[in-house]
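Note that chain A is present in both complexes that follow, paired respectively with chain B and with chain C.
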Partner chain A sequence: MGRIQLHDIRKSFGAVDVLKGIDLTINEGELVVFVGPSGCGKSTLLRMIAGLDKPSSGRIEIDGVDVTPRSAADRGLAMVFQSYALYPHMTVRANMAFGLQNTNMPKPEIDARISEAARMLEIEPLLDRRPGQLSGGQRQRVAIGRAIVRRPTAFLLDEPLSNLDAELRVSMRAELSALHDRLGATMIHVTHDQVEAMTMADRIVVLRAGKVEQVDTPLNLFNRPANLFVAGFIGAPGMNLWAGQAKDGAVQLDSGARLPLPSGVTVPEGSVTLGIRPQHLRPMAGGPVRAEVRLIEALGPESVVHGDMGAGGTLLAVLAGQPDLARGTVIELGYDPQMAHVFGADGQRLA
Partner chain B sequence: MTGVKGMLGAVVTAPLVALARVLEVPLRLWQRLTGQGGMVAFFLLPNMAIFTLFVLLPLVINIAYSMTTGAALFLPERTYVGAAQYERLLRCTDYTNLMTCQEDQFWIALRNTGTFVVLQVTLLIVAATITALILNRALRALSFWRAVFFFPVLLSPVVVGLIWRWILDRNGVLNAALVGMGMDPVNWLLERNYAFSAAIGVTIWAHLGFFALILLAGLQAIPRDLYEAAEMDGTKPARVFWRITLPLLMPNMLVVIVLALIRAVQVFDEAYVLTGGGPGTATLFLTQYIYEVGFASLLKNPGLAAAASILMGGVLIVLTLLQLALGKRNERKGRLK
Partner chain C sequence: MSRALAFLTRRKGGDAWDWTDVFTFLWLGSAVFIMFGPALWLVLSSFKSPAQLAEFPPTLLPYEAQTVVVEGFDRPLPLFSVTDEAGTRTLAEVRRVGTVAQMVDPENPGEVQRVNIANRTPVREVGFSWGNYLDPFLRFDFLNYTKNSIFVTGVATLITLLTNSMAAFALSKYEFRGRGFVVVLIIATLMIPLSVILVPLYSIVSGVGLINSLWGVILPTVATPTGVFLLRQYMLTIPDELLEAARMDHASEWQIYWRIVLPLTAPALAVLAIFSVVWRWNDFLWPLIVLSRQEVYTLQVGLNAYAGELNVQWHYLLAMTVITMIPVVLVFIFLQRFITAGIAGTGLK
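Now for the complex of A and B:
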């Protein structure tokens, strides 16, 4: 149970089209992450699935049943809000019981479900406290607990980690993934953080300006981005994207550099964008990529080098270890052409 | 644009700057002589003087008045009687029958005020809450509706009384309308229960906007997420109101209740203009009693009026302390969040 299908979902607020026809199938038990820059419509889409907003047109099906006209309560879904939305005047226990009491569930059953969820989330000692007396991470757990006790068909999580500090976010990320494995329930997780998306998702839905740009597993998105937007959005630091003219198996950049294209693929002559991940560049005397070092971010095991390639081209390279570079020196780098991505003038992937 | 503004600004500030230059030297001298405490005193003194002259002093004089008798206006010419005025106000031979009280008018006014406070505050709070809930939903033209409900608050109480007398009078607008529709006119202000209800209704009309606005502010401070969470849980609207809206509105609600109580105890101007306390003593309230005994009746008795006002002041102090305590509690809670 928990297969969610979206058919041509559109949403307009006045003259503004926020969602421009979304088709998507989320399989039972899958953890799908909606990711995209702010304003891309990912939260709106989640609220449509939840039933908190109605789509302007389109159909939402859960387990084959059209739920579009149904209210939020009748869809059997549970939502975890970005702000947690815990009732501040109720204890943790009362917060978790509130939704169950609406269904006239007998009290022993409610108590049993609360203690089970509390044990799972390790919040048993907090049950009689109020949200105001909890830390951010604890509130987050309670919000998840409130969703779990309802045994929903699917969990909807709207940027649940964005209010936590960086350290806590990393550990909660792992906990949420573990919880997903344990419950085996369908989860839709909305975030603007592509690292969160990469680490948690079974599949990632990349959204931009109300449209799905690509749906795939994290590694496929990383290895074979379908277009320039996905290429630039997924991966940290972002992919180097250099515009130039393809000719004779290489790309001629404005700065004069000639960068080899992957072999075995035919790239038509003309304007293309070559994409190379910073991690795939390595020092190589006489290499095709030449840049003047502008900034070095030494992280210890690796260093991020920002460089200037001339004619407006910039370089990002992640080099292993702690290379001895100074600002202003010129470095020469090479790459395996098979690791390069090529995008046509329309921004779509060529190779 | 900025040039003009700058010039205007200079015109306004130039004399102030000059004044500040003139004052700077004596003020610095004063500070050197008296230290920081002296400066605090310097700035507080004007305010303290006004407060003392117009609030503190009258209060003390009033307490002195309440312990004297006679019609003489100046305190030194009045006869000291100790607690006799209080005794006169409070003495009854049979407390179950107000007619046996020495000052039966005081007791009637007290009973009327008590009934008025309970009914008016209850109805006012319910009406203000409903108004606030509706305003909180109607997002369209919200400012317009807020203004409509708040408008009566801006009217002078006497104007409120006059408007409603014009409507409810025996030959008033309402009766004209009734007659026009072929019904019999009703003596709204000359029938005991109608007159009392009119006093309640008119004061509610006049104050509703103020309280609804405070409650509306409280409602708007409740995060939308909470309602959406309740919606996901399939919570029925009534349960949302009793279990979420009302508890979260409680801090504002308590303040509103206490403020409404204080105002209701002090009821005077609207009711006095509307009914003059009548018919008979049906709408005679405590403040009117004090006013009439002290200033308006043939046998003026400022001592008795002073004693009655001190007793009423006692009730108001209790309510005010309650309000302050609630305010402090809310502040503490606000900090905890």
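Now for the complex of A and C:
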């Protein structure tokens, strides 16, 4: 139970195409994260799956059944909203019971489910309070509890952590992952925070401008981004992307630097973009990457170096420890060519 | 007492009274006098007897003539203070002929004295004519009028809240073609005064046979554009996510309205309830037209009955005016903060 399939989902608001044909399969028990910049259509897609919005065209299947014409309530899904959407005039208990009462569930069963969910989420002492008397994290738990008691085929979470402070977000992130393991239910989690996506997801769906850019496991996204957008979006700080001309197993940059390409792949001659993660650069005397240091962000265990490579090229490097560098000095860096990513003129990955 | 005094002698600061302090207190004092003076005079006058109301110059406090029971006379005799050549004494009047009154000393009822009425003044002390209040209820139909008024106010307010909130829910939470037009249309009806639609409205009410029925007073008034607009503006502030959450929780549209939206609209509903109670309680023109039989009169129409063509029974009129004022005054005293808070919350001026 809990396999969701999307077939060519499209959505237009007037003349604006928000979703441009999305095909996706979410397997049973999977935690899938939709990630993308603001306005990429990830929340719209989630609302479409929930049944709160109707797609302009396309088909949504849950466990092989076409649910596109069904209303939100009849899809057997539960949603946790960004604002939690707890009913402010009801106690926590009433909030959790509301959906069950509406399906005419017998009262003992409702009570049993609520106490089970409350125990799981450790909100038992809060059951008789109102949402207004709870902290952000507690409200978050209640919102999740309201979803759990429904025993849905899948959980839909719309940026559930974005209203929490940074510290709470980290702990709730871990709790949500643990909850997913325990329930074993399908979860779709929407976020714009790539750290959240990387840490929680079984698979990540990267969306941009209404299209799926790549669907893969977090590490595969990091190690083998399918295109320039994913390469720049996943990973912090962002990947160095340098445009140049490929020739003889190296890339000639405008600044004159020649950077070696990974061996064992054939890259046709012409314009390419070379991508190297800041973490993969390391100091190397006489290395191919030369830059003038503009800014150093010393974080303690590592330092982020911003540099100027000339001819408009900029450099980001994460160096281990606290290297003794001053602004204005020129550093020379090298990298393992096997760690480099190469993208063609169309932005797609070559190697 | 000392706190009240401290309050009344507050200054804007500094050691001495500034002219602005004096001006402010005079200004506020005169405002209090202008606003509360008439109301206070009304209340005091409502306790006066008809004779005292006709008296000139008028007195502020209600007085009652003192009477005494004298041996040999059936009814109590009014007491007068008499001052003439024989000195000052208190006598009771037996009868009056022209400018001369026949009076007796209550201590010595056998001897009748003749006194010129110019030489005497009635003995009176502050007293309240409770009859002004009791008679309309005991001897006239005011109890019935009050019941009718309470029924009209209560039922009309309930129906107003229900229908207006349903309209407001649809106009604030459902997207449909022409929604903006409907809202504008409803608000536009605010510009049409009752007097304009009086005649057609009367034909309709008469056509459905509601003349001389309290329902004829209630039904035409329950749909108020002000109420719909006020509630709609408030409901717009309820996040749509709550409704979507309820929809995912298997709630029907009626349940969303009844169990989610309506409880959350409580502050605005309270404001509308207060308004509606005041409006319906004070309604005069429409009930006057619809109700022509005594049994179905409301208080306001009943009051009008005391103002006859030739003779106005001021003592009853004043007393019953006080009675009809009480609910409205209570509403404003105790619910004032809801009104201001609620109106501020809806962004309505």
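Assume the second predicted complex is superposed on the first by the 351 of 351 C-alpha atoms of A that agree within 3 Å, B and C clash if a C-alpha of one lies under 4 Å from a C-alpha of the other, contacts with A are read in each partner's own complex, and residues count from 1 in each chain.
Rule of thumb we're sticking to: a residue touches a chain if its C-beta (ideal position, glycine included) is under 8 Å from a C-beta of that chain, and two chains touch if they have at least 3 such contacts.
All values reported here derive from a predicted model rather than from experimental measurement.
On the superposed chain A, the two partners chain B and chain C do not both fit; they clash. When the two complexes are overlaid on their common chain A, residue A:Thr103 makes contact with chain B and with chain C alike.
Residue contacts after overlaying the shared chain place A:Leu52 against chain B and chain C alike. Looking at the shared chain after the overlay, A:Gly132 reaches chain B, while chain C stays out of its contact range. Clashing C-alpha atoms between chain C and chain B turn up only in stretch 239-247, chosen from 77-85, 113-121 or 239-247, once the structures are aligned on chain A. For the contact definition in use here, the residues of chain A common to its chain B contact set and its chain C contact set are 50-52, 71-73, 77-79, 81, 83, 85, 87-89, 98-99, 102-103, 146, 150. Residues of chain B that touch chain A in their complex: 223, 225-226, 228-236, 239, 243-244, 247-248, 336-337. Every residue of chain C that touches chain A in the complex is listed here, in rising order: 239, 241-242, 244-252, 255, 259-260, 263-264, 266. Residue ranges of chain A in contact with chain B, taken from their complex: 50-52, 71-74, 77-79, 81, 83, 85, 87-89, 98-99, 102-103, 132, 146, 150. Of all residues in chain A, those touching chain C in their complex are 50-52, 71-73, 77-79, 81-83, 85-89, 98-99, 102-103, 146, 150.
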